[in-house]
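Note that the chains are named A, B, C and D in the order they appear, and that numbering of residues resets to 1 at the start of each chain.
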Amino acid sequence: MTVPVDSLLNVGLVGAGRIGSLRAEALAHRVPQANVVAIADANLDAAESLAKRCGVLRTYRDYQELLDDPDIGAICVSTPTNTHAEIMVAAAAAGKHLFVEKPVALDLAEVDRALDAVDRAGVLLQIGLNRRFDPTFRRVRQAVLDGTIGDVHLLHIISRDPAPPPLAYVQHSGGLFADMTIHDLDMARFLVGSEVTSVYAQGTVRISPEIGAAGDIDTAMLLLVFQCGALATIENSRQAVYGYDQRVELLGSRGGISTGNMFPNEVTISTADAVRRDLPMCFFLERYAESYALETRSFVESVLAGRPPSPSGVDGRKALELAIAARDSLASGKPVAIAVG
Amino acid sequence: MTVPVDSLLNVGLVGAGRIGSLRAEALAHRVPQANVVAIADANLDAAESLAKRCGVLRTYRDYQELLDDPDIGAICVSTPTNTHAEIMVAAAAAGKHLFVEKPVALDLAEVDRALDAVDRAGVLLQIGLNRRFDPTFRRVRQAVLDGTIGDVHLLHIISRDPAPPPLAYVQHSGGLFADMTIHDLDMARFLVGSEVTSVYAQGTVRISPEIGAAGDIDTAMLLLVFQCGALATIENSRQAVYGYDQRVELLGSRGGISTGNMFPNEVTISTADAVRRDLPMCFFLERYAESYALETRSFVESVLAGRPPSPSGVDGRKALELAIAARDSLASGKPVAIAVG
Amino acid sequence: MTVPVDSLLNVGLVGAGRIGSLRAEALAHRVPQANVVAIADANLDAAESLAKRCGVLRTYRDYQELLDDPDIGAICVSTPTNTHAEIMVAAAAAGKHLFVEKPVALDLAEVDRALDAVDRAGVLLQIGLNRRFDPTFRRVRQAVLDGTIGDVHLLHIISRDPAPPPLAYVQHSGGLFADMTIHDLDMARFLVGSEVTSVYAQGTVRISPEIGAAGDIDTAMLLLVFQCGALATIENSRQAVYGYDQRVELLGSRGGISTGNMFPNEVTISTADAVRRDLPMCFFLERYAESYALETRSFVESVLAGRPPSPSGVDGRKALELAIAARDSLASGKPVAIAVG
Amino acid sequence: MTVPVDSLLNVGLVGAGRIGSLRAEALAHRVPQANVVAIADANLDAAESLAKRCGVLRTYRDYQELLDDPDIGAICVSTPTNTHAEIMVAAAAAGKHLFVEKPVALDLAEVDRALDAVDRAGVLLQIGLNRRFDPTFRRVRQAVLDGTIGDVHLLHIISRDPAPPPLAYVQHSGGLFADMTIHDLDMARFLVGSEVTSVYAQGTVRISPEIGAAGDIDTAMLLLVFQCGALATIENSRQAVYGYDQRVELLGSRGGISTGNMFPNEVTISTADAVRRDLPMCFFLERYAESYALETRSFVESVLAGRPPSPSGVDGRKALELAIAARDSLASGKPVAIAVG
């Protein structure tokens, strides 16, 4: 599996929190062509602790210092969402290629400002819609692409968290659609390979009155229409008590595809009560560990090869646009049409 | 499994076609408490052939003669939909208890006329929404009733035929929603145990241009809102090339339930190409054979016990009302609100 | 599914116990070409009760009266094992074709006496090794026959009862190998399509000291060598607390096959504790219901067509011979060679 | 997942081949507490290439130089089997703790010589029976230990390679039992938690006449008796055309356990032909990747904590002793008794 390391990409990481740590470890242990040369975080202790763990030599409190480092070819932006656009603009100005966690921003105008800066600077940009790299979902996409199931007619996506996030997180998340559904909206576009022309959403508070009091929902269903004629539904819940549930199912003219969850082991136990398995992998860090590594590697390979990474800034923007349409549909009680360029 | 046959119900069957044959055989071989004493069909040859096969002694061309038979306690109406209401009115007048295949009619006024006649006569009525008796779906309902999954939050129903019906059938079917989705709408009410307050439907022609030319659709997605707060989606296709696909999935506050298809055997074959199973049971006569037998037996037991059968005439009416709402939603492009009494 | 009933076979049933009832009901409801004309049982009440339930007109205490009935073409022998040979000899003398439950007898000399009588009389004989008709195991055999898995290399059979039989049953059963393993030994011959040349058996008492005190075992493993070069293992237990467990698994030069148990429904429930299914079908009357019906129908069709039924008397004898070899191997602690003609 | 790296173990690796590379990468990327300081291999180029890939600074042609390094606390012996004993003796003399790939040797006297040296020197020793660390098999063992299935009655192990190894490998492998079955014999001891008292083996050549010509077999079945009364069967094949097949199944007094293979994705595709999955993970490097990492980490943690590692030298010796008993049973055609201390 080890590839030749003839060419190396020096990467600077901005953000040493949960996702930043994940990126640092992926870059250190899973991407032979990458070299993390510096980590910046306003919390310098976090940056230093992570740097020590991953054998990184330089740390900064201010990301601008990292952008000034001429050795660094690419920046990984793993900071809170509200800082993405600013860092992207600065990094583009510094001529650094960019990997940015999703969502780019919670506001389309801000997204456009960041994407414009990237375009003008001519740097490469990949958005962290990591699920596209999950081996199971990639295999589904491959089966669509190679015609195994023919034209796509119907898609259903199940996406359920094991438990609601902390209220503080919810309050800055942009709401269920922008925080959680955005992954499923991107997955729908990725799997079907067509643009959404209509979004209808219903949502309720069934799990956490706190979330309701904060003006958000915790349970939702969406119905999408695609330009190619396909129809899709998405179901979201902030709490499936048995664990993280991430599945898709497609029907096409020549066949169907369904996916199962991943489990920590392949053991079935039969007793006088039931035939049972242990619960599925508990949450996204575990379930999508492989996708984070493959996504990070793909970015590095794209930059080293000088080819446009995928998913692109446009993919990131589209996912947000659909999430906002879902919010509007819920507010109005009617389907929302999406203009397709 | 054999029950004491101390009391016997004499049943008259109207309709000797595909579904009528299925009822006759269920009554003869699977319902020890029933005795089929006569079969009526405008096609007398069909009635006679079926009677011979099932050891039934009397046959009639005109169902009225059968209604005049004082030995007969209950009538099974397995004729084309457009004759149901008329036969129900006549049977009610004759004081016969009634089992009627779904849908009662394609028009709510006609349904109401038939249900009124039944109510006034005080005869018992069961509607042939057979899937409620399928052991798998019954088990799902039981898990909802006993609280295993807590309050229902989300429901998804997959209902796909193996191939489109003949065009002649489609033309008199009342459309996809009244012919096919009606089962799923009833299943949604049955499983959730609450009334639907809003229906949004999208439908397209993806499989059969012929069906499109006849003014119908072959592919659909619906999004339902329930009075209890649950949300549901239904997906329908007239053609899943791998066979009949009938599944449901629920998420509740305390857990989730999903169901699988039934297969003709439990064999898995692994070769150099794939790990594979044979296709699922091919269509409804096979897949729902058990449900037809259990449904027929439940009707006979209810009549012998003098208790109201289930699903009731109201259940039959509700399923049609929701199917009509789906049709209206598709036409208007908007969700349709349903009044709940 | 209903076949033309141009020709009918009049069948007489000897034995109105649990298995006799099962045969009577299969003949009455599942085999259109059969007509049960009489039932004989030393316990006349049992015969009469069963006759009433299945619409059979004549009953006898003495099976000889039944054999004297010139209307009867075939006899179904569903009596205790120790009476089989005697009834077979008498029925053969009366020129009746024979269906006989397994095992033919517990003694090879007695089996040979019965088979000789059948051969001399030229009547047809089928042995009730019903599992060969189970749709799952038939599908496995078909995949072997059509070359899907190539030459058979390895076979593993799992056969576990849900609970030990009553001690009174065990005492007259001929021991685990002749009562329980005999089915698996026949299945091994059926699936591999070759003769066994060596049997090695190990057995212990792990479940029921009572069974041990009666001189029998409740837990066993066998290792078989086949003439074609295949190797097989069989595992038996009198008690799998989760229910009846009946599976096989083959490896061949071009692939492998494995089978799963049958379940009462296709429901999976996920809660905070586990992902679980209900227990498999509880015992043989339920699990093998279909095989009993198909086996009975196959016998009737063979007799009506005048072709030798399968499994044959030789198959019944072989299964017993291998069970006896297993007993000898357990006693001696060594493999036992089997002469192949 | 990252643990504090307060204490670090300096490890020297002997052997830079396929397994050596796997160890080096596990130590570099998956075991934070380990530091690979040197790699020795008679093929110095291999040592250097691996060292470069894993950031290791020192390489040697002669392992004795590595043993002379006072910084090194533990040695990982990943060389060909016939060199293990010699290296173990030398490493023990140098006071180094030892991780040794299985089998220790192909000869019990040689194993004893090596284990004696280890014992006398008082160094810690772990044998590379990696499958004990596989999350699925560990979960099985846990269920046995916590009483979930009660006393173990029956065990069946399926162990099939995707294709035969090269003939050159076979010729120095010690034969199927010492090379392949040895893992399953260890697994049987590990899962049951009792000693084997009798081994009966049958083996044939069904796949590769070349292997037969070399005096080895490619297909085998074994039947084991345990001191605790459990019985076990093992099936081995050098070629399952659908891929690597590694499963176990236990029956106990309170329940049963079965395990499934691991797949590269969780996708099921249904077309007009079949319902199918991709083939299971193709071979041991992929299937057992996690077990190699966990095993290596466990060794390092044991040495740092100063506690005896597991599996021990005795476990390694026992597995070989049983493999030799299987060979003797095949030769004699009789079960072989094993003395239990």
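Observations on the structure shown:
We take it that a residue touches a chain if its C-beta (ideal position, glycine included) is under 8 Å from a C-beta of that chain, and two chains touch if they have at least 3 such contacts.
This is a predicted model, so every value here is computed, not measured.
Contact tally for A-C versus A-D: the pair with more C-beta pairs in contact is A-D.
Distance from the centre of chain A peaks at C, each centre being the average of the chain's Cα atoms. Chain centres here are Cα means. That of chain A falls 43 Å from that of chain B. Centroid to centroid, with C-alpha atoms defining each point, chain A and chain C lie 58 Å apart. Computed from the mean C-alpha positions, the centre of chain A lies at a distance of 38 Å from the centre of chain D. Within chain C, residues 240-242, 254-256, 270-272, 278 each touch two or more of the remaining chains.
Taken together, the chain D residues at the contact with chain C in this complex read 151, 153-154, 156, 158, 160, 198, 200, 202, 204, 206-207, 219-223, 225, 229, 231-233, 235, 237, 239-242, 245, 249, 251, 253-256, 333-335. Across the complex, chain D meets chain A through its residues 2, 5, 25, 28-30, 32, 53, 135-136, 138-140, 143, 148-149, 254-262, 264-272, 278. Listed in rising order, the residues of chain C touching chain A in the complex are 240-243, 270-280.
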